[in-house]
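Listed after this line are the structures, all set down as structure tokens.
Look at the two complexes coming up: subunit A is in both, with subunit B in one and subunit C in the other.
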Partner chain A sequence: MIRTIANRLKWNTVRCFTQTCSINSDAFLCQNATSLKDDQLADIKESEIKEISDPLRFPDYFGVRKLFRVKDLFDARVHYGHKDGTLDPNMKPYIFGSRLGHLIFDLDKTAKMLQDALNFTAHIAYRGGIILFVSHFPQHTLTVENAAKQAGEYAHAREWDFHIFTNSEKVYNGVTRLPDLVILLSTLNPQMQEHTAVKDAAKMCIPTIGIVDSNSNPNLITYPVPGNDDSPAAVQLYCNLFRDAILLGKSKKPVVST
Partner chain B sequence: MAVLRELVVFPSKCLRGVRSYFLSAPLFQNGFLKLNESVSKDGHALDLEQSDTKKISKAMKSYMERAKIHDNFIKQQLHEYNIGKRHLANMMGKDPEFFTQADVDEAIRYLFPSGLFDPRARPMMKHPDEIYPKRKAAEFDVNGRPYHSLFYTSKPNYYTLMHDLAVKFKQLDRHEDKIISRGIQDQKPTELFLFGSEWIPKQKVENVLLETLTDAQYENLIKTFERFSQHPYSALEKDFIMQFRRQLAAQVEIQQVPELMRDESGRPYMTYNTRRKTSNAAVKVIGQGTGVISINGNDIHFFQREQDKKQIIFPLQFSDMLGKVDVVATVDGCGTSAQSGAIRLGISMCLRSFVNAETIERMRLAGLLSFDPRTRERKKPGQAGAREKFTWKKR
Partner chain C sequence: MASSRLERIGNIYSRVRGLLRSGAMKPEDKPIWYDVYEAFPPKVEPQYGRTASEITIRPIFYPEDIVRAKFYERFGSPGLISLANNEYPTPCQKFLDRYKEMEKDFSDENELFEAVVKVMEEEKSVPESVSSNQTDSGTSMASMFSSAVSKSQTQPKINVGDLLTEK
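Let's look at the complex of A and B:
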């Protein structure tokens, strides 16, 4: 359920259309939207606004920050990590503490990194990049595939054939354009080893966004997002957020091209 | 002649070609490739291609090259086939213009008689379209973006089927929940009846999906289908499931059930003559009845043994027709169990016309519809009976 809200700006020439997700309450939405508008446009001159040739100048051109709140993450049980003993040392900075033997993520840090990841996703979608959703857990296959379908992008939520990236010419019977961004809904496979796509994407210089749980290594991930990658509710939330970010990125396209 | 021999030999080589590719995709039909082919003839096509050179991705370019090579190859093969056909027509003294594929086959059978057993090993000459499988058309657009959302799994059709199955499973679950929450308990879900058919083999699945599957993938698919068909409401998706099942041969024979006949008073009836051991029975089952059973003018107490009575009642009870039809039977010869067995088969065969296909299949599986061929074994000379020997005594 995505509603479109038009924010009319001071200048008549520019109209910024922002799509927002219904996760947020209306009051929060309006308040957030106004504050962002001031942030974005404070230091931009009128002449520059006329041609938005470089959306990268804006901190949040697509409005992905409004897609979620920390409360949403909490409700979707994103803060639950694995047991104490399984902690990967590289995940230490993102841990808030331990409760009853289970690690708890610092959701403020998660939220910031998730915003960065969503922003990056929207930019890739805006530039017509191919985005591949990857997951290897049968439990989440349907969720992931549906999200990719709704976003008009691609999914690989099944058994990972080795050499998909590194020997794509053989796998797909010919030269094939590889994805420009890989979103891993879990960086581990069901055997609790690192997913092959992580290493292979790094080899092929494909940027990655990965939901890293407390037991996985974030080192090879371009945009790691610390959070729970096992709960269906959490996976559903990530899928919805990335789907909405992609749709936001795509919806901006015609405005710029004209 | 040498030329012809080559021509005749090439198709048998071609048989070993790689297969499993899609039929024409939208891109083919849109004429994108046709444009490319006719570049040399047509000026407009050229500048269209030139203007788009920057936009066309590497993937598309390489695909176009491959497609061009393939098209040229097919063209060449077609040319050779046509020449070969003309040669054959001339040799057979027929008009080359009206020389059909049937004539080609006949000519080759006559000119190159072969003693090889396997038909595929014998010389043949066929149209290239029949020998070379259709190539998969481009699965991505000019920018290299695939059309299918599961393209990167490398088996999009297979995984789409698995995805659809999962979606349908969820739908059935939701339906079941709805029924339960409404408190409808007396409405029993109709059971999906899968006897008499089996899952289609791997080869057929591959033909449907146009993709090669591993054994594990096929097994996984069948397991998923099995679980799906065991869902209490799977009958709602019967058409979908039946696409992936095929009828067993045994069932096809039983399905040729004769039509019911009508007597003077308009009641439907069916007759069947049968035998068991040396007894003969003529059975007539009449519909719209009250369950009257008449055997040689007596009622069911014509047989004194309980087992014989049970034999008569069993098919009626099994097909739930007890009390709905009347039975008139005449039987003679042999003993009581043979007589009752003959009547049982007669009644069962007649009942096929009164019940639906699923009941017939259930009756078949219960053994009601098969003839019992057992007869008395003859006595052998030098023995006391058929198998029994005389008492053996050491001198």
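Let's look at the complex of A and C:
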């Protein structure tokens, strides 16, 4: 039994060993983390293995931080905000400055928040949660739906019908499992009002990840990511990143779950 | 499932935590995000009535903006500039690069500016005036097209038949 778990651990969490030496009391193992052998691993007690194989103990279990660099965000035009006058006061901490009347996002802050959001997404995918991509802009419908399809998850990129979350049993004529995570590629609808999904997800206790532009309100979003939500290049980048995070989370799933 | 739909009170985590503590929600009904949220809470707690601290948005300016302003005052806008294309620098950027190169040799800003204009005019890499026509600065649509065509012509042509035959 221990041998099988050890084998699994060997090719699955070798990387994690290097990160979390504090968890393991065996200093020798930590030093030679990359060159572990079966008999060395078998010495670890079963309870310790359970502790180590808990992904929540690792800051970046799925390696989502390696998915992008700040330069990628810059190239995808994530740093462009709207004009000065449309700024939502709650977005002020994430703004780098104003270049001739146009707001520019602080990409260092965006990168950190995007990493948190990707990590959360990967964990939800790992735990078998349903993830829903939401966008209301017709020009991004295809991008968003393709990303959801490639990730094996769900998308709602059309006009939002009220009561989808709040009265789902009547809308779908039966008990409905609501998504476990909603990813909003834009928290506004084309009428520049807050998307209904933001409020309804909060009502139904569903966590949300939202790309918040300089004219959006980040307060109700669980994991807001400040950035440009209008450029096709930026939306494509977000879609790719969230798709990859979901796939990373799912790829670990059958190996560790016992 | 018992839960409050008042999204303005607390946040999703605090509401679910309250339900779990009071026993209204059984531990086996705990949402799957709950543990993840606990392990990786967001940097700023979501709260409907939260207000950001008073921060003044600073304007972004660079020292070379003065030279840029002078350049555009003298020569105007060169027409269309593709922001997505980083292959060709804009006339203004070329001017600035030359300006930085020659900065050491001059003490007076105006003299330096005029000297750079003179050099650039000799190279024909700045527009002659505001109403000037297109120049061969590499930024006009026609020159970009011709350079792309010449690039494609210089590449060796591949004959599919040659590839398929075994040699």
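Here are some notes:
Methods note: the second predicted complex is superposed on the first by the 204 of 258 C-alpha atoms of A that agree within 3 Å, B and C clash if a C-alpha of one lies under 4 Å from a C-alpha of the other, contacts with A are read in each partner's own complex, and residues count from 1 in each chain.
Here, a residue touches a chain if its C-beta (ideal position, glycine included) is under 8 Å from a C-beta of that chain, and two chains touch if they have at least 3 such contacts.
Note that the structure is a prediction, hence the values are computed from the model and not measured.
In the superposition on chain A, contact of A:84 is made with subunit C only, not with subunit B. Once the two complexes are laid over each other on the shared chain, residue contacts for A:176 go to subunit B alone; subunit C is not touched.
Judged by the touch definition given at the top, the superposed model places A:206 against subunit C, while subunit B stays out of reach. Of the two partner chains, subunit C is the only one touched by A:96; subunit B is not.
When both complexes are overlaid on chain A, the residue A:56 reaches subunit C alone and has no touch with subunit B. When the two complexes are overlaid on their common chain A, residue A:128 makes contact with subunit B and with subunit C alike. Taking subunit B and subunit C in turn and counting the residues of subunit A each one touches, the greater count comes from C.
In the superposition on chain A, the residues of subunit A touched by subunit B in one structure and by subunit C in the other are 128. Of all residues in subunit C, only 3, 5-7, 11-12, 15-16, 31-33, 35-37, 39-40, 42-44, 46-53, 55, 57-60 touch subunit A in the complex they form.
Contacts from subunit B toward subunit A in the complex involve residues 57-59, 61-63, 66, 136, 140, 143-146, 149-154, 159, 162-163, 166-167, 170. Residues 56-57, 84, 87, 89-93, 95-99, 103-104, 112-113, 116, 119-120, 123-124, 127-129, 166, 180-181, 199, 202-207, 218-224 of subunit A are the ones touching subunit C in the complex. Listing the residues of subunit A that touch subunit B in their complex gives 128, 130, 132, 141-142, 145, 148-149, 152-156, 158, 161, 164, 171-177, 179.
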